């Protein structure tokens, strides 16, 4: 296990470095000029040149990259072109929103998807099996912003139960207020996520229910829930856990979109705004942090898979597969 | 349906499963038919603004009109065209590039393969939409670049899947047998590899079609997709959002049609899996 | 198997709604009048806190008049009155301004206001590195000098009739304060509380203020990127007043509800169909006039704003002193448009590309323009551009044929006197009149000249001014004292009270 983890960690570091380089080049190759975001109608050519000099977008690409990398090494993500404020502290300030949103949504979707997926698999052709299957089909088929719009209309406009957007000024100093602000966004993301997770759980559970070992266990007098608990769960977990890493990444993406719908000050709204303004240091900072999170999630998922399924531990090879 | 026999006869099961496929085809077909009809006939000229501002659904305008007085049904029909074009176009781009790259990776030497694995690991860390946004954001917003961007982003996952599938097939005994009997790699690809991986690929491509349609809608919603007056469903949602209280049909109709198309594509994927996967058919 | 599932769903639902009931009430309803917290909803978050360093419209909205003050204040009615200047005199040649600064003013840091602070503040705007859009209006300044305890002398290289008006947009900052992009040191009735980027900015009453203290204790600006989210915030009581409503249809929710008050104020934001006057076919005046006559602006305005907003026949909004109603110059008349087009040599029309910003309402307007111009045989190809691309392609490189753009500032008819401006309107007579107006000896002379400019550009159809945006402010009925016009994006909050 230890050599495996070591190898994977090295791979992760290499991946992150490569991702930063790819990102850097990709961003700088895009047309558009970050100086634009600082200007307004009426700007003169001298003003434009002054801005470009100040943010350094007139220097050669390699020079920009090396200086960025050098600062990265000491965990300095640079300064925003637009606000002239350091990127790192702002990212950590916004993680306070995005991390709870992502993790809560992820947890809720797991809590919903696992039991529902099993129930749906138990009698796939019963009315509730069909219904649950149908609902999950529908859940993955509608855009996440649409669900957000509907939930906001029903729960905050008509019922007035929850705030429709925003986040408390003093963050988590008032936990109830913060949680209330996150309730609808979490529900939105969790709905979509659980819909897609249910499909994985259901198909994994179907495989287990069809398996010989489960039939044997039942023939030996085990109740269905008992047999499921003792033999089925672990087997069904393997394929599900393998997609969790990616699902977590997707949850993060859902959070990005949902933050815009509910006006939450998280990484997502930061990214969307930075895109519009060509604020390269911000885009880069957010995406590097996001990539790191996704790679870590992948590592976790793979490791968990190995713990659950001993057969995988013997397989050789350095790749993920 | 509730009184249908419950025993698990193989015949019943297959019929149920092909019903999934049929339902999926019907849903996708309905959207495709709408798109085809829109090519030869539309209730109104899409540029006709004579309908009056936000007219409610009625005899003249079955779905009502938008802020500019344009017929909503006309726009929704044109939207079907764009959604399908985006879905099929992006899936074609992603499919061709992804399968080619995946095959290359699957057959590659150990060293190249590792590099390939690392690269796709990195790329997969950016979700489809983000990558597409990155590519479209600064370029001019229009349908072509959006489709290309979604397709490119999608090719990463397709390549990854193809590579795994190819590896799995290549590890089997009959390939070794074919190799020892002197069959060339291209022939092995055509005769053994592709026939063994296509059902899974087809399922994945059908699922990707739905993802592509949603991605296009989201890009258009963010103002980065098809240019007006082309009525992409995502753009219609964006424009109708502010009038949702006075004219809810504008928000509901495009959303429902999006769901119909994507559910259809997913059902097709499920149906193909059930029909083609021998392991599933067995039970 | 059924029961646990039900329990779980119940648990999740229950959890969500328990949270709900705790967190909804944030607005301080029960506070005594002077101690209230006012929530203000806005679409314009500052990019940073420095209006001379790229802070944008949001920095002006939240900070001008509230945290920072100028020598003069532009009131909500458009009058200029003394603020930090006690009085000023102008030399007979109009080139020397002498300002006397108010006594006893201190910055939030406690430092007293000195003439050097004033000189430093003006230089910040006119400096080469400044990104202030006001820089061009102050480029006739030759020297600034503080003298004595309370006097500042500014020398100009040419007369500038709008000088005092333009100074009302210049923040007076403490010259010892280094970083204005994330912190402040102004003289206003509020000091900056916290700025939570992407979400909100709070202002706390400054008890050492030199003048009348603010009527409330705290103001929280909450920022939204989406008009419907903003409406929702007002409906659910998360904010008390919304600075500029962007969707008329949401008004239906508030209209007729005694819980809200809608004010329809005066705006300076104009939506332009701007032609590239350098490029064929829009280098021909007849073509521009034909296009202007072929578009039914009234119908467009009603479609977008549903009865709010107004028609405008030229660049000058009604709040500028030189406004005159010019909507009759290019009336909506499709037959006339056809004749003009034929006379210009395009009897069967032509095709052109319309560069359209991706954000609302431009795409909708572009679709409307396309369908209107189709009637006279002109084909419009819509090309969507991001805000960033617009600045590069249209604004800087002049690489466009026609574009849509909103112009937010007041008194901006002067851009038609600059042939280098993006729309390339080159009329020497107009250029001369704009220059002479700025150097005019009296306001009457200035007004007469600029009125002439407004008429001339309308007759030339230099651009097609589609409509003037409405300025809609909505507040809960218990809240009063907020500005309704928001000229130049200002939003003075110090008089707002909550019952």
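Per-chain residue numbering starts at 1, and chain names A, B and C are given in the order in which the chains are listed.
We take it that contacts are C-beta pairs under 8 Å (C-beta built on N, C-alpha and C of every residue); 3 or more make two chains touch, one makes a residue touch a chain.
Just so we're clear, the structure is a prediction, and the values are computed from it rather than from any experiment.
Chemist: Averaging the CA atoms per chain, pick out the one whose centre lands closest to the mean of every protein CA shown.
Modeler: A
Chemist: Of all the other chains, whose mean CA position lies farthest from subunit B?
Modeler: Greatest centre separation from subunit B goes to chain C.
Chemist: On a C-alpha centroid basis, what's the spacing between subunit B and subunit C, in Å?
Modeler: 43
Chemist: Roughly how far is subunit A from subunit C, going centre to centre by Cα mean, in whole Å?
Modeler: 37
Chemist: Centre to centre, by mean C-alpha position, how many angstrom separate subunit A and subunit B?
Modeler: Between these chains, centre-to-centre, one finds 21 Å.
Chemist: Where in subunit A do residues touch two or more of the other chains?
Modeler: 31-32, 149, 272, 276, 278
Chemist: Which positions in subunit B touch two or more other chains at once?
Modeler: Only 137-138, 241, 244 qualify.
Chemist: In subunit C, what residues contact two or more other chains?
Modeler: Counting only residues that touch two or more other chains, subunit C contributes 226, 228, 386, 388-389.
Chemist: If we count contacts the way the header does, which residues on subunit B are in touch with subunit C in the complex?
Modeler: 47-49, 53-54, 67-70, 137-138, 140-142, 223-224, 227-229, 235, 239, 241-247
Chemist: Please name which positions on subunit B make contact with subunit A in the complex.
Modeler: 1-2, 4, 6, 16, 113-114, 117-119, 121-122, 124-127, 129-130, 133-135, 137-139, 164, 167, 210, 214, 217-218, 221-222, 234, 237, 241, 244, 251, 255, 258-259, 261-263, 266-267, 283
Chemist: For the complex, give me every residue of subunit C touching subunit A.
Modeler: 1-2, 4-5, 8-9, 12, 16-17, 19-24, 26, 47-48, 50, 53-54, 56, 128-131, 133, 135-136, 181-182, 194, 196-200, 202, 220, 222-226, 228-229, 232-233, 235-236, 238, 386-389, 391-392, 395-396, 405, 407, 409, 415
Chemist: Taking the complex as given, what residues does subunit A use to touch subunit C?
Modeler: Answer in residue numbers: 31-33, 36-48, 50-51, 54, 82-85, 90, 93-94, 108, 111-112, 115-116, 118-119, 122, 149, 152, 155-157, 160-171, 174, 176-181, 183, 186-187, 225, 260-266, 269-270, 272-273, 276-278.
Chemist: Using the touch definition up top, name the residues of subunit A that touch subunit B in the complex.
Modeler: Touch list, subunit A to subunit B: 11, 14-15, 18-19, 22, 26-27, 30-32, 125, 127, 137-138, 140-146, 149, 153, 210, 246, 249-250, 252-253, 256-257, 272, 275-276, 278, 287, 290-291, 294-295, 298, 318-321.
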